[in-house]
C-alpha cells in the first residue's frame, strides 16, 4: 500500500519511549520529542532571521519533523551503544538508512519517492538548517535532563546527558546559540536553583570544559 | 522570564491527554497529536506543490506546529462542549486567545512578541496553508478513531469522530483532498476490513451524507 | 435510555485526571477525589454534631458525592482558567450547568427528574452542609498538594494550591475548621518536616496572610 | 497522631487496584469503586423513598462510603480466596476487623473512637441500608464486568463476576431491586448487544438459575 | 486442562504489583521480583561454591523461581498483615498452600503432580538452598527500598523494609552473607550517599541492632 | 564497584518493554519475560528427565535466567531489525557481546570474572540445555502473541510472531517438544476458540508449513 501505510506508521512513534527505564518523573515518546524539536527549531530560526540570516523554511520543516522517523524500525537504541565506537555508530546508521530506504521502495508511490528520500535523509549537515536541527535536538536533551535533575533524580546518566548537550551546542556557530547562552540558559539555571542537585555547578563545568 | 518559560511550557503538552478516558487501546498526548499534524501537513503540501500550487512553507510550519498550544492553558476541553453551541464555542475560543495573549505579554521578550503573536494565532483560515492545517487536523482524528474502531472499541464517540472528520474534509477544496479520497482512504478501509466494526459502511455513509 | 445511562456515565469520571501533567508522584482521578471529599465531609460533620450542630445527612450525602459530576461534560478545566476572571468563571459554570440540565432532560425518567436536579445542583451554599462541602473540597487540595511537596515536587503550582486552600478554609466559620487548625494541621506539618520543601513556612505564611 | 493519620491513609486506596491483572480495558481503584457504590446507593435509596420506605441517610452514608476501607490493610484479596471456604472467609474478615480495630485504638482520638468503630464496621446487615449497600456493591461488579465483556474480554472471570452479582441481587427483597430488573438491566443488555460476547444470554441464564 | 493452564497462569504474576501504592519511583511486579531473586540466588550460590560448599542447583532452581507463585491466588497481601501475628501468618500460609494444592489436583497431569508438589512447596528451609533463597528474597527488599530511599521517598515503610531485611540477613550463617556485608553493602551505601535520606545511618543502626 | 553494580543493574530490565507500542492488552518487561522463560524451561527439563534424559541443572539455570541480560545495554531492538539480514544480526550480536564483556571487565571482581563470562554467554547451543532454552524462549513468544490474538489484536505482527515461534519449535528434537505438540498446544488452541481471530487455522498453517 501507499501513503496510508506511512501515515499509519506515525502512530508507532507515540509508543516508543526514549531511554526506557531511566526517566523517573517525566517519560518522553519519540513523537513528543520530535514535536518539541520542531518547536525549538522554529524559534531558533526566528532568531537567525532577526539577525539577517536567510532560512530555508521548507528544508527546516522537512529535516526537523522527520529527524527520528527511522526509530520506527530500530527503536530507541540506548545512547551509550550509539557512541560506543565510531565503527558501531556507523554500522547502526547504515542499518537504519537501509530500512528507511527499503520502506520507501516498498510503500511510497513512484511520484513521491524522491520527496520521501530527501525528507527522510539524515538532516544534520553543515547548512544553517542542519545546524539548527542539531541545536534543537540537543536543546531537548537539556530540557529532558533538567526536568529530572530539578526533581532530584540522582542517576548519573542525566548529568552526562545535560553536560554533553551543552558542550555540543557550544561548538556550533549560530546567532541563536549566542542567544541561548546569553538569554535562555541563565533563566533555566535560575529555575533549577532550588533543586537538591547543583545544576549551576554542572552548567559551569560544562561551559568551561 | 523569557523564551525559557516558553520552552519549558512545551513539556506540559506531553502530559495533556486527548479525550481522557475514551481511548481504550492507544492514548494520545496533545504533543504527539501536534507532531502527527505537522507530518500529515507536510505530505499534503507536497501533493499540492506537485499539482502546481504554491505553498508558503514558513506559514505552514508556524500554524501546524503550534495549532494546539493554547491547550496548555485550558486543557483538552471535551469536543461535545466545544460544539455544544456556537455561542459557547466562541466564548471558549475567546478565553483561550486571551490566555495566550496574556502569556506573550508577560513572558516573551519585546523583540519576539510580534512573531509569537503571529505564530500562536488561530491558523485555520481560507489560505492554502490554513486549509491544509484543517485537513491534517481532521486526518489525525480519522487515524485516532480508526485505531480504536479496528480493535473493536464500541463507544459511539469514535464512529462520530471518524464520520465527522470525513464529512469536514470532503467540504474542503484541495488537490490533496482528492488524493486522500482516491488513494489513501481506500487503503485505510481495506486495512480495517477484518475489524468487528463495519468501517467500510461507516465510511460509505459519511461520504454519501 | 434512563438510569442505566447515568450509572454507566459514572465510569467516565474514573479516567478524568485532575490537573493533568502536574502531579509527578500521585495522580488523582475525579472519582477518587470525590470519594475522599465524601470521607472528609463525614468526619467534619461528625465534629459539628459533637459540638451540638444539627446536620442534614441526606443533603450532605447528595451534595458531596456529586459535587464534581459535571466534569464528565467539561473535563477538569485547569484551575487558572477557572479563576482567570469572574466573567469567565461565570461563563464556564453556566456551560456546565447547561450540560447537566440537558443530560437530565434527555436521560433521567420523569419521576426522578426533580431528585436529580436537586442532587446535581451546585452545593456550596451558606448552609452548614454547603460549608462542610467547601472545607472538604479544599482539604483534598491540601492533601493532594502535600503529597507532592513532601516528596520534593518544586512546581510552584502546588505551593499555590496548598496556600490558597488554607486561606479559603480559614475564612469559613465552622467548629470543624477550628478542629482542623488545632488538631489536624499541626500533625500534617509535623509529618512534612523532613521534606526538602519548607512546608512549615508555607503554612505559617498562609495562616498569617 | 490523630485524624490526620486517617485522612492521609485515604490516599492509599487510590492506588490499590481491584483484581490486579484481570481488567484489560478499564482498571478500577478501590477509592473509585467506593465512590461509585456511594452513587448507586444514593439512587437506590431514592427509589426506596419514592416507594414509601424510610431511609436512615446518616447510616447509609456511613456504611457505603467506608465499606472497603479495611482493604488499606489487607489489599484487594482475590475474590476466589474470599469465597474459597466459609472458614477462610471468616478468618480473613476477622483479620481485617482486627487491623481496623487496632488502627482506631492507636490513631483515633478518644472522643471519636465510638464514631469510627461504628462507621468502619461491616455494614451489610439486614436493615434497608445494609441491603442497599449489598445491592450497590454488586451493581458495581455488574458495571465493571460489563465494560470488559462489551469490549470482548474473554476471561471467564468476568462472566462469573457478572452472573454471580446478578444472582446475588435477585435474592434481595427491595423495591429498587425490582426497579433494576424492570428498568435498568434491559437498557444495559441492549447497550451490550453489539458485543462479540453474548451478554443477553449470560443475563438470561443468570436470571433463570 | 493441563500444563497449558499452568503456563497461561504465569502471565498473571506480571500484573500483580508488590505493595501497591507505596512505591513512587519504581513499581515491581511479582514476576520481575521473582526473576531478580533467581539472579541474586545464582550469584550467592556461586559464592558458596567458591568457598567449597556443595549446592544442589536443581533444588535451588525449583525453590527460587517459584517461591511467590502462590500469590497468583492470594495477591500480594500487605507485609504488615503477614506479620501481624504468628497466628494470622500461619492462617494465611495455610490458605495459600491449600489453593496451590487445589490447583495441582485439578490442573496438573498425574505424572507431573509429585514434581509440582515439590516445586511449589515453601522453600525457605534450613538447607543451604533454603537459606540462599531467604537471603535472595531479602536482598531484593533491600534493593527495592534503596531505589525509593535514594530518590527521597520519605514513607517510613521503606526505612522499615530496608532495615528489617538487613537484620534478617544478618542472622543467616552463609559465606555469601559475609561477602554481602564485606563487599556489596559498602558499595550500596556509598552509592546512596547523595540521597536526601541518610542511608548510611539507617544501615549502621540496623547492623548494630 | 563490584557485584553491587551488577545487582543494581538488574532493576533496569524491569523497565525495558518488549516490542514497545505493539502489545495493546498486556505489556511485558524483559525481566518478566526472563522469569517466564525460567519457568517454562524448568517444566520442559522435567519432561526430558521423565523420559530419561540427563539435564545439567546448573547450566540450565545459568543460561535461562540471564539469556536477555545483554538487553540492558542495547534495549529491545525490534525483531525485524534482528532478522533483517544475517550480516546485521551478526553485527548486533557482536556489539551486545562486546558491551557485556566490557561490563564484566570493568565491574566484576577478579575471582568471579570467569563465572560471569560463562553465565552471560549466548546459551542457545546444541546441548539439551541450549535447546530447552530455545524452546522456552519461543514458548513465551507464543503465549505473548496468544494473549493479544485472543483479545482481537489485528496487528499482523502477532500472527507472524506466533507462527514463526511454532515453526522454530517444530524443528527442535526434544521429548518436551513432542509433549508440547501433543498435550499443551491443543489446550491452547481450544482456549482461543472464541477469539475473533482464527487461532486454530493460523496454528494449522504453521504446523503444515
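By letter and in written order, the chains are A, B, C, D, E and F; residue numbering begins at 1 in each of them.
Here, a contact is a pair of C-beta atoms (placed from the backbone, for glycine too) under 8 Å apart; a residue touches a chain by one contact, two chains touch by 3 or more.
Labels paired with UniProt names: A, B, C, D, E, F = YfbR-like 5'-deoxynucleotidase.
As the structure is a computational prediction, the values presented were derived from the model and not from experiment.
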- prompt: Could you give the fewest steps needed to travel from chain C to chain F through chains in contact?
  reply: 2
Field: Self-contact between copies chain B and chain C, residue sets same or different by half
entry: same
- prompt: For chain E and chain F, what's the span in angstrom between their mean Cα positions?
  reply: 23
Statement: Taking each chain's mean CA coordinate, chain B and chain F are separated, in whole Å, by 41
- line: Note: chain E sits from chain B at a C-alpha centroid distance in Å of 49
Message: As a quick test, compute the distance in whole Å between the mean CA positions of chain A and chain F.
response: 33
Multi-chain contact sites of chain B, meaning residues that touch two or more partners: 14-15, 26, 152, 196
Task: Work through the pairs of chains, note which ones touch, and then classify the graph as line, ring, star, complete or other.
output: other
Message: Going by the touch rule stated at the top, which chains touch which?
response: A-B, A-C, A-E, A-F, B-C, B-D, B-F, C-D, C-E, D-E, D-F, E-F
- prompt: Mind pulling up the chain E residues that touch chain F in the complex?
  reply: 1-8, 10-11, 13-15, 26, 28-29, 31-32, 34-36, 38-40, 42-43, 46, 50, 55, 57-58, 60-62, 65-66, 109, 111-112, 115, 119, 139, 143, 147, 179, 183-185, 187-188, 190-191
Task: Using the touch definition up top, name the residues of chain A that touch chain F in the complex.
output: 12, 14-17, 20-22, 73-78, 80-81, 84, 88, 91, 95, 98-99
- prompt: In their shared complex, at which residues does chain C touch chain A?
  reply: 24, 152-154, 196
Query: In their shared complex, at which residues does chain E touch chain A?
result: 25-26, 150-152, 194-196
